[in-house]
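Working notes for the structure below.
Should a chain be cited, it is by its letter among A, B, C, D and E, assigned in written order, with residues numbered from 1 in that chain.
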Amino acid sequence: MSEKLLEIKKASKFFRIGGMLSKKKLTAVDDVSFDIDAGKPVILSIVGESGCGKSTLCKMILRLHDPDQGDIVLNGRSYKDHKGYDPFRFRLDVQPIFQNPYEAFSMRKTVDTYLFNTALRLKIAKSYKEAEKLVDETLKSVGMSFEVIKGKYPAQFSGGELQRVSIARALITRPKLIIADEPVAAIDASMKMNIVNLFKELKDKYNVSFIYVTHDLSTAYYVSDYIATLYRGCLIEYGQAKEIMDDPSHPYTELLMNAVPRVGEKWNQELVMPDTEDKEYAITYCKFAPRCPYATEECRKSRPEMKVAVNGRKVLCFHPLNEKEGS
Amino acid sequence: MIKIDHLSTSYTTIDGPVHVINDVDFEIYDNEIFGIAGESGCGKTTLLKALYDILDFPLVVDSGKLILSGEKNGQAFSFETGQIRNTWWNHISYVPQAAQSVLNPIVPVKKQFLDSIPKANITKEPKAITMKRISNYLEELSLSPDLLNAYPFQLSGGMRQRVIIALATFMSPNVVLADEPTTALDVVVQRGILMMLMSLQKQLKNTMVIVSHDMGVHYQITDRMGIMYSGSMVELGKTEDIFEKPIHPYTRMLVGALPRVGDKSQKTGIPGRPPALTNPPPGCRFAPRCPKTAEECKKSVPKFREVEKGRFAACHLLNRGECRCQKNYSK
Amino acid sequence: MTVFFVVIGFIIYFLPHINPFTFNSYPSKLEPTSEHWLGTTSMGQDVLWLLIEAIHNSLLIGLIVATIGTVAGVFIGLLAGFSGGWLDRVLTVVTDTFIVIPSLPILILMTSFMKGTSTVFIMALVLAMFAWAWPSRQIRSMALSMRERDFIHTAWFSGEGTVQVVVTEILPYALTWSLSNFMNATLAAIASESSLAVLGLSPGNLISLGNMIQWARDRNAIFTKQWFWIGSPIVATAVMFIGLFLLITGYNDYLSRKRGR
Amino acid sequence: KGPKNTTTGTETAQTTEKAEAVTDTETGAETETKAEAEPAPSGETTEVGTPRNETLIVECQSPTDTPGQFNSYMQGTTMGFGIHQLMSAMMWEIDTVKGEQFGEVADGMPESNADFTEHTVKIRQGIKWSDGEDLTAGDVVFTVNMIMTNPGITQNAYYNQVFKSVEKVDDYTVKFVTKESFPRLAQRFGVTIWGNDLRIVPEHIYSKQADVTQFKDSAPVVAGPYTVKAYDELGKWVLYERREDWKNSTIGVVTGKEPKAKYVWFRNLGDDTTRQMSLINNEVDILCEVTPEMLEVMTAQNPNIACWYKGFPYATSDDPCSKGLAFSMGKGAPFDNKDFRWGIALAMNFDEISQNIFNGVGRASPFPMLTNTSACQELYVKPLLPWLKDFSLDLGDGTTVKPFDDGYAERIAGVLRDKGYDIPTDHDALIDMFGVGCWKYDPAAAEKLFIKAGLEKKMTAGILMVNLSHST
Amino acid sequence: MKFRKYFGLRFLTYLLTVWIGITFIFFIPRMFPSDPVENMIGQIQSRSGQMDPAQMDALRSQLRVQFGLEGSLLTQYGTFLWNGLLHFNFGPSLMSYPTPVGQIIGMYLPYTLFLSLTTTVIAWIIGNIIGLLAGFRKNKISSKILEGVAICIYPVPYFIIALVLQIVFAFVLGWFPIQATINTQGNFAVLFASLLKASILPAFAMLLVGTGWWIISMKSLAGTTSEEDFVLFARYRGLPEGTIGTAYVFRNSILTQVTALAMSLGGVFGGSIMTEIVFGYPGVGSLVQKAILMSDYNMILGCITISIVAISTATLIVDLIYPFIDPRIRYS
């Protein structure tokens, strides 16, 4: 295969939870592997219920957390290689967009300072003039302009506008990868589409790949090329977005798809609700087994292996749905 | 039944009043799930607060009133604005927005259940029996009675939300108001909660008012719904009609912009942003973002009126007959 | 109300510059007259000028202490909170220790050893030794919680270095808190100095509110009914305290209202 | 002034340890004040449970750090808390007005040989310890030998330096043999101003102690007229009770007069405000060290409060304690330098000091070594006046200054008259009241002297600031 | 198991804190040019006249041994750590030589505890109740008046209040003795009666000041808590105001106050100095002050060590019992 932009190799992250009083360990990200090709920009969606480890995974990619096990390789450079780590270069390659745009900027600074910092400190622009031009250009590409944002504080923007500024800031370095952790969760329905449309547009225009984290499956379906489903820290299904969502092979993905409140199609069947969540993180067999309608003895004994199909589609299940149908 | 009679409210602020509810006039019937949708800041919560009679400073009623009426245990009742608060949790109950933090963090759930039972009801029976009733009720809602001994922080967000709904419905109120009951929960949990609300309503045969900005949620559970924009009700009708034949351009754009699983076709959001409520433009408030704005729209406020039976809308287009009533989504 | 006291506090603070403080310059024990508004002391000093000078010095001590305490506290707190690791642990234990050490005995200890040689500034330094620990602890926890906030990450990804993140991102937040702490520390310092003065441990030639009360007491002002002499510093202290206190409360109210928006 | 004045009850005057008073000029004029023993309602009791009308309450200026410790040979014992005044047996006493010593335990003054190396001292007969034993020569000999053989007793070194031997001749005669000629045995080992170290202890008690320096002696057997009835464990008060057999105590034997108060309660009161309030409210009978101003205030509120004189200067100036600054010349530079010390003397404005601290009360004196009682002034100071007036100091830059200033009395009289006091105009009366004069206030000369003493001049203005570090 | 580990960690920091604090106060007095031996020699000299230098040196070294001041600073420190910290034996008091420091402190401590501990706790209780009312029923006139009084009294320096009380109640009205006398010689009833009489006025002064602070802090806590979602929700549930005030606002606000109480219990030692001095009440505070004036190293160390240990222990205990009063810490 071609060169990889990002490779996540069996990465795991543990947290000690419950403060000082307990030693309980929580595996927030459990042995996750996937990769993004360098050649063609893609939008990779990471979906899953809340607390399944999406943000933790993003933070590991952003080097805000170190993986406790496994490794992450960006542009052929391992995160474990601390000597070769160049924070400067790293920030040129990877940039984040956060969930809540109001949280992503300090309330006490004008937003343009962040844009200029990015342009000047990361040495994209050599002079203020040049930076201004760059900033304005980038802002225009997200449908804003320097004129509009100049000297304004975050509170003076609407959520959608501010999120665009946030995106523009991330774009200034012309990164290869943008990590967007639930970028539309705090944005109004009417604005949401504008943002996701922007991703699509920018992907081609700037040749940038996105990791788009969300639990809004309809937008994930709408924008993504690839999709990864996480359940309790495990990557349980990975592949082409359309393929997976139209025809999920993991029972959890199926459940997820069924739970989306769709317009035009009313729910009919009952649904198994999750119980106390942290117990499941500690389960040594298939983590979904307790909730899985198709679970067998086997599922309650050991962990399934990751099954990889020819087209690169992966599933972590003893009895993938489409396989069962096939046999 | 709740009758909202030309209600206008505003928040008192240092920069002058913020007119949040403007001449809203409609009825919510018995035995239905009524949905209120609209983008953030359009006044959904405020309307719900007004319905629940939380008209405390800085929220003030400028004009109009509310009447809550119906029948409970064979007794007819009718309360107006200002009286409704005396019957809180008895005839009407309220599940606030951000319900994750509304339970007392250091008191077990059990105690909070007991607290919420009006004094008049509790003295008549021994505590043990009340407890029994509570745990039975939880079981009915397929919640484990063990929950009663837990502290709120020991429960997940979804569980807490369900406990609060149980708490709000335990006294079998005639009206339950739920503000964004599923926001910030993931789809699976959301679905569980919505199913719970639906079955509760079927069982109690009461009125539920659900506020959500997720159109999918409304489609799934509400019988009728109202669309709000910038402090006013712009459209109201049977939920299916709203989705199938939206009248107001805002509704139309909203429904049209909904992404759907299985549909990769290009959708566009609504450009622009809602006007500031402190100093709203004259005329239709949606006019600046509306693709079909006419002179008239910028001048006068359209009247909220009945378009066809049970169908209300406020738009000048209706006068021009430009209202396109057609199925808006493809299946 | 608050504004009213601020005006009093600060106008008086700026007045003393026209005051030449002299000993035995007027007839002693005068009742208030148009020339000596508050009368004179047994040592022939004008009570009003003495009072103004005392307020000036007390405020000065308070301000110096509060400045040193707050600056040191903020610095150490930020350092501990942001560096993490062993440095954080060491600093935290030291900070905790200073919170635990009873300050008044140590202050008495230090001032009694320095009696005669200490000046306003040394006095302030000694008081400042105990003024930094509490803010430091607060700031540390503030820094700790801020470290995980998204905008800190945004700043870093915008190319800011650690120092710059601390200075331009965290400090502005810490500052609002610090300001209210600053006023609190001013109060505490003035109170401590007064206590020391009443114990007779404040520098003998320092005209502070505490010393003024102490002198008046020493000179029997209570029994000779020189009410203006003994009363004015007491009233001034009380008014200044209440004023500053209201200022803090007002400021905190203002902050919370601002946050509420 | 002796400890035994309690015989007369109301005339008592207490003194503090002068050695300490010297260190602090702020302690004020020593005006002893007392509330006239008011006929208190007979039912009233004090806070320590004694009938108020039989109790004399005396202020003690500082609490004791060693409560329950009455052995004067143990470190830290506070003598001023009644031990000295009520219980101690001294060899000789003094009448300060006449300036004459007389025997207390000793029966008369010592008889010395020609070169003053052997001194025979008779012991008074009839004095009994409070447990009924006789006080004899044996006790005196034991006491001195105890001091000389116990290095833990602070006076040990000095006594060994002075005495060769102390022996008992018979039960009531002691022979002191000194190493060198020692003509001042009674002055050195008897009372002159404040007590002395030689307090006779009962042999039959102290000889039984393994280590007398560690013996607290909480229920002391004494020769004085009072015994300890109770004491505060926290050191704030001691209650004494008159001996039943007071006739056999030192006072009884020497004067034959009965001490009037059945109980004497020494207590500590705290700061000036508290002290005044206590005296006004009759919670204490005798206060030590009261400024004229305090006195005026207190007499205005309670007419029963009195002191030596009704009017100015209230206190007698014949108090044998001097007040002023003293420097230990042995402490090293710069105090060992004569010019430096002169510089300080001339840098001080005596008028202001006297006004601010003593309200002008007191006799000024240019000589620090002797207390300026009227006897001393007549005998010593006045004859030196011509010399004083001529005396001049070399300022080191070729100029000289005559440092004596004889105008003080007239000046201070003027100031006091302005304040409304009735001050005599007669010059001799003024000199008696305010002294012959003092050293001049002459900062310029002082500055020159400091420079002469080797100090560097750093200040430009005429004000000189000197940090005085007090020493005893 | 888990608890043991938590306890271990917490205990370690506790020990460290105490150690650092004590080291600090060990070295501070020794850094200043005041020497208890010289002080003592001065006193002896002034009493018994001149001494020749050789004898003075002999006395000096003898005193050094007696006072435990011989050897280098480091050896002194070592001895101190060993004896003082581990055995609570601080050696003899220098001013009340040779009575051991421990014995003297033991004598004063009960008085301090009797007065300060009770007043602190009572002030805490009263202050919290009034503060709750003021914060929870913000708009009632009565709570505003109470709060106003608290605001006016709290910032007034303690000694001023003490002085005013003393003048009014003891001097003018004569209800109490001006200087407290505690009759340590009588039986327990006498002792207790005199103790009570001596402590009413100081206790009142301490209460006035202490309560003010608790009112103010509780008021702001209760004010904040009253605006929390769960309190609003309790209102929406139609709960009676009384239930909301106690079960919701009070219970949640008091948690913070418990920690604050622990800190202020420690302050009992230092904070009582002024009371003790103004009212002549015996206690550790004035003992420390006197020890400092007399350069009694051992006594200073002893008192402050006890105070440091007390404050640290109080906070340690609160930290350890906190999980039992706050379920969030117990279970999470």
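Just so it is clear, contacts are C-beta pairs under 8 Å (C-beta built on N, C-alpha and C of every residue); 3 or more make two chains touch, one makes a residue touch a chain.
These numbers come from a predicted model, not from an experiment.
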item: Contact distance in steps, from subunit A to subunit B; value: 1
item: Chain pair, D-E or B-E, that carries the greater number of C-beta contacts; value: D-E
item: Far-end chain from subunit A, centres as C-alpha averages; value: D
item: Furthest chain, CA centroid comparison against subunit B; value: D
item: Between subunit A and subunit E, centroid-to-centroid distance (C-alpha), Å; value: 55
item: Averaged-CA centre spacing for the pair subunit E and subunit C, given as whole angstrom; value: 22
item: Approximate Å spacing (C-alpha centroids) for the pair subunit C, subunit D; value: 44
item: Approximate Å spacing (C-alpha centroids) for the pair subunit B, subunit D; value: 93
item: Touching two or more other chains - residues of subunit E; value: 163, 167, 277, 332
item: Multi-chain contact residues (two or more partners), subunit B; value: none
item: Subunit B-facing residues of subunit A, complex; value: 48-50, 158-161, 188-197, 215, 217-219, 221-222, 242, 245-246, 255-267, 270-271, 273-274, 276-277
item: Partner subunit D, residues of subunit C touching it in the complex; value: 24, 42-43, 116-117, 217-220, 222-224
item: List of subunit C residues in touch with subunit E within their complex; value: 93-94, 96-97, 99-106, 108-110, 112-114, 187, 191, 194-195, 198-199, 210, 213, 217, 222, 234, 237-238, 241-242, 244-246, 249, 252
item: Subunit E partner contacts - residues on subunit D that touch it in the complex; value: 17, 19-20, 47-49, 65-66, 75-76, 151, 154-155, 157-158, 161, 197, 214, 230-234, 236-237, 267-271, 273-274, 277-278, 280-281, 283, 471-472
item: List of subunit A residues in touch with subunit C within their complex; value: 62, 64, 91, 95-96, 98-100, 103-106, 108-109, 114-115, 117-118, 120-122, 166, 169-170
